[in-house]
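Below you will find the structure I want to go over with you.
In this document, chain identifiers A, B, C and D correspond to the written order of the chains, with residue numbering beginning at 1 in each.
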Amino acid sequence: MASTIRVRAVAGGELTEVQALVQHPMDSGFVKDAQGNLIPPHHIEVVDFQHAGKTVFTALWGPAVAKDPYIKFSFKGGQKGDEIAVSWIDNKGESDSLTAKIM
Amino acid sequence: MRLAFATVGLLLFGIASQTQAASTTQAEFDAAVAAANSAEKDAGVLKNRWTTTEQALASAKKAAAAGDFDTAVKEAQRAEALAKASIAQAKEQDATWKAAVLR
Amino acid sequence: MLRIIVILIAASFVAAPGVAGATDAANPDADFKAFRDYFTKRFPNVPLTDFVNGPYSMDSGLRKQWEAIEDFPPYDFAVDHGKEMFATPFKNGKTYGDCFPNKGIGVRQNYPYFDVKAGEVVTLELALNRCREANGETPFSYVKDEMASLTAYMAFTSRGKAFDIKIPDDPRALAAYENGERYFYTRRGQLNFSCASCHVQSAGQHIRTEVLAPALGILNAMPIYRSEWGSMGTISRRFVTCNSQVRGVPLEPQDENYRDVEYFLSYMANGLPVSGPGARP
Amino acid sequence: MLFESGPDRTRRLVIKGAIAVLASGFGMAWWPKWARAADASLWPKDVFTQKSEADAIKALYGKEPQASDQVKLDAPEIAENGAVVPIAVSSSLPNVTSISILVSENPFPLAASYKIPPGTSAMVANRLKMAKTSKVVALVESEGKVYSATKEVKVTVGGCGG
């Protein structure tokens, strides 16, 4: 099964730019289905990005983050070939993780 | 083009509502819905049914099921008028579409 | 809604084309030139190959948001899913690639084509489901999910290649083309709009914040991830929703009329690059 | 964009190829020993469920933000679709420790909050949902103070485009 996470981490000079896309419905809890019933909230709460054993970025997300969420940030110290570990957990306790190499 | 105008007028600004006798019967509804179904079937042959005709037919049937034949007949007649307008549109367009082609 | 109607109707009269003889036989080459001239004259600042980017070719505010989304587009998952499906054999050991020239890679620009043996237009979506059926698999829904993933992958491997739609020397091919042209210009639905009302006469106009995509190159971006849908949609899905939006009952996906209109529109887009899969509002 | 700049498109293709290799079939087996998974207990429920902008800011930072031109909020004037609104925040303020984004008119105004450890830039881009036309507020926490930038984003519902 393919991962729900896509990561692009590119080292350029001092900074490593990280972009990630996660496949997730991010249901807000305010939308009704075809039968008129509210779709219960189902959204990622925490995304953690680590490099060399330490967290370089933490995202805390509410239900207003768009479906298939996207995030971009940059940090210092990454080298080409280093690993970036990404993991998320949602309000139902579902989770996924992925490791990608910095390019 | 004039016919197109007339059709647009008919379509957008409503189909004349029919006046109803005080008490309408199942038989009157059956006749009205049969006429509407027949016209809608013809529109289907021309592949030019309208969603609004379908909606009017559905609300006619719903009203009849609830015993409200006044509304049911009115809705069935509205469906028939819409179906006939869609047939008229298909025939008129069949004769005139070429005038719209970019030259 | 009423405002939209008024705009479109007004536009359709303002831009009403000159009266032409109703008996003219179809002339694809003349149509092609007239179609292209119309859009390039109406939008002189839009580079020809940019028409495939739809509304983003004509609104800078939208374009900026699109470029942000293209940084990491939501259709990436569909492309990867399609790639995975291409790599996974059917129960009989064959693959999607076995059904297509060049194993299905970089061929999107040649669809739809007119099949002179069967005497009909074959779209990419139809070819994919026929491939499945020929290999003992059940066909997919034409409008989204797997079909969108497969076409997204095939479009992705064909990006930048120019549409190359041919009308073979066969009266049935010309008839299919003309039927597609008829479908494109025929008004339908209670709102009395044709495909052309929105995507020719009113192309580039705003409906609320949306910008109507120009018909020229509109299929080059397919399939698309629409934010409004929150998911991917195929060419079939686009036709079906267009019909419903004008309050017409949609035809079955891959109905002959839909295939023919795809044939007509794709011929009009000859020479323009594949840009799909696309992201749209 | 796609066809105006060939090299960019090529770059995307090349990058995608690399990603496909990286992403395929890596389960937790490749999860480095040093990494811990995302911790759900970090999520501040009481902050995300506040129903007004002021209450959310109070719950989040416990202090009033001050407007600052050193907070840059990049958001469209008119959102192409409220379901996906690209919004980016950056700041030239020193020692930024967090960035948060609020959509005032959403049922729960706090949309996202990001922790910025030392070494990570004070810059974040994301995509948010907006229920309707609203003020968007970017908050940047720097050296114990909270600074803000605000922009109105118009949202209308779509129907017949594409």
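By definition in this document, a residue touches a chain if its C-beta (ideal position, glycine included) is under 8 Å from a C-beta of that chain, and two chains touch if they have at least 3 such contacts.
Nothing here was measured: the structure is a model prediction, and the numbers come from that model.
Novice: Walk from chain A over to chain D along touching chains and report the minimum step count.
Specialist: 1
Novice: Which two chains have the most contacts between them?
Specialist: A-D
Novice: Find the geometric centre of each of chain C and chain D from their Cα atoms only, then give the gap between the two centres in Å, rounded to an integer.
Specialist: 34
Novice: Please tell me the distance, in whole Å, between the geometric centres of chain B and chain D computed from their C-alpha atoms.
Specialist: Between these chains, centre-to-centre, one finds 50 Å.
Novice: What are the residue numbers in chain A that touch two or more other chains?
Specialist: Correct list: 2, 6, 8, 67, 70, 72.
Novice: Which residues does chain D have that touch at least 2 chains other than itself?
Specialist: Residues 23, 83-85, 88, 125, 127 of chain D each touch two or more of the other chains.
Novice: Mark out which residues of chain C touch at least two other chains, giving numbers and ranges.
Specialist: 69, 71, 74, 76, 80, 230
Novice: Help me check something: in the complex, which residues belonging to chain A touch chain D?
Specialist: It comes out as residues 2-3, 5-8, 10, 15, 26, 28, 30, 45-48, 50, 52-67, 69-77, 83, 85, 87-89, 93, 95, 97-101, 103.
Novice: Would you tell me which residues of chain B are touching chain C in their complex?
Specialist: Touch list, chain B to chain C: 1, 4, 7-8, 11-12, 47-52, 54, 82, 85-86, 89-90, 93-103.
Novice: Using the touch definition from the top, list the residues of chain D that touch chain C in their complex.
Specialist: 1-4, 6, 9, 13, 16, 20, 23, 76-81, 83-86, 88, 125, 127, 154-162
Novice: Provide the residue numbers of chain A that touch chain C in the complex, in ascending order.
Specialist: Touching chain C from chain A are residues 2, 6, 8, 19-21, 23, 67-68, 70, 72.
Novice: Which of the residues in chain C end up touching chain B in this complex?
Specialist: Those in contact with chain B are residues 5, 9, 16-22, 24, 30-31, 34-35, 38, 181-182, 185-192, 194, 196, 200, 244, 247-249, 251, 255, 257.
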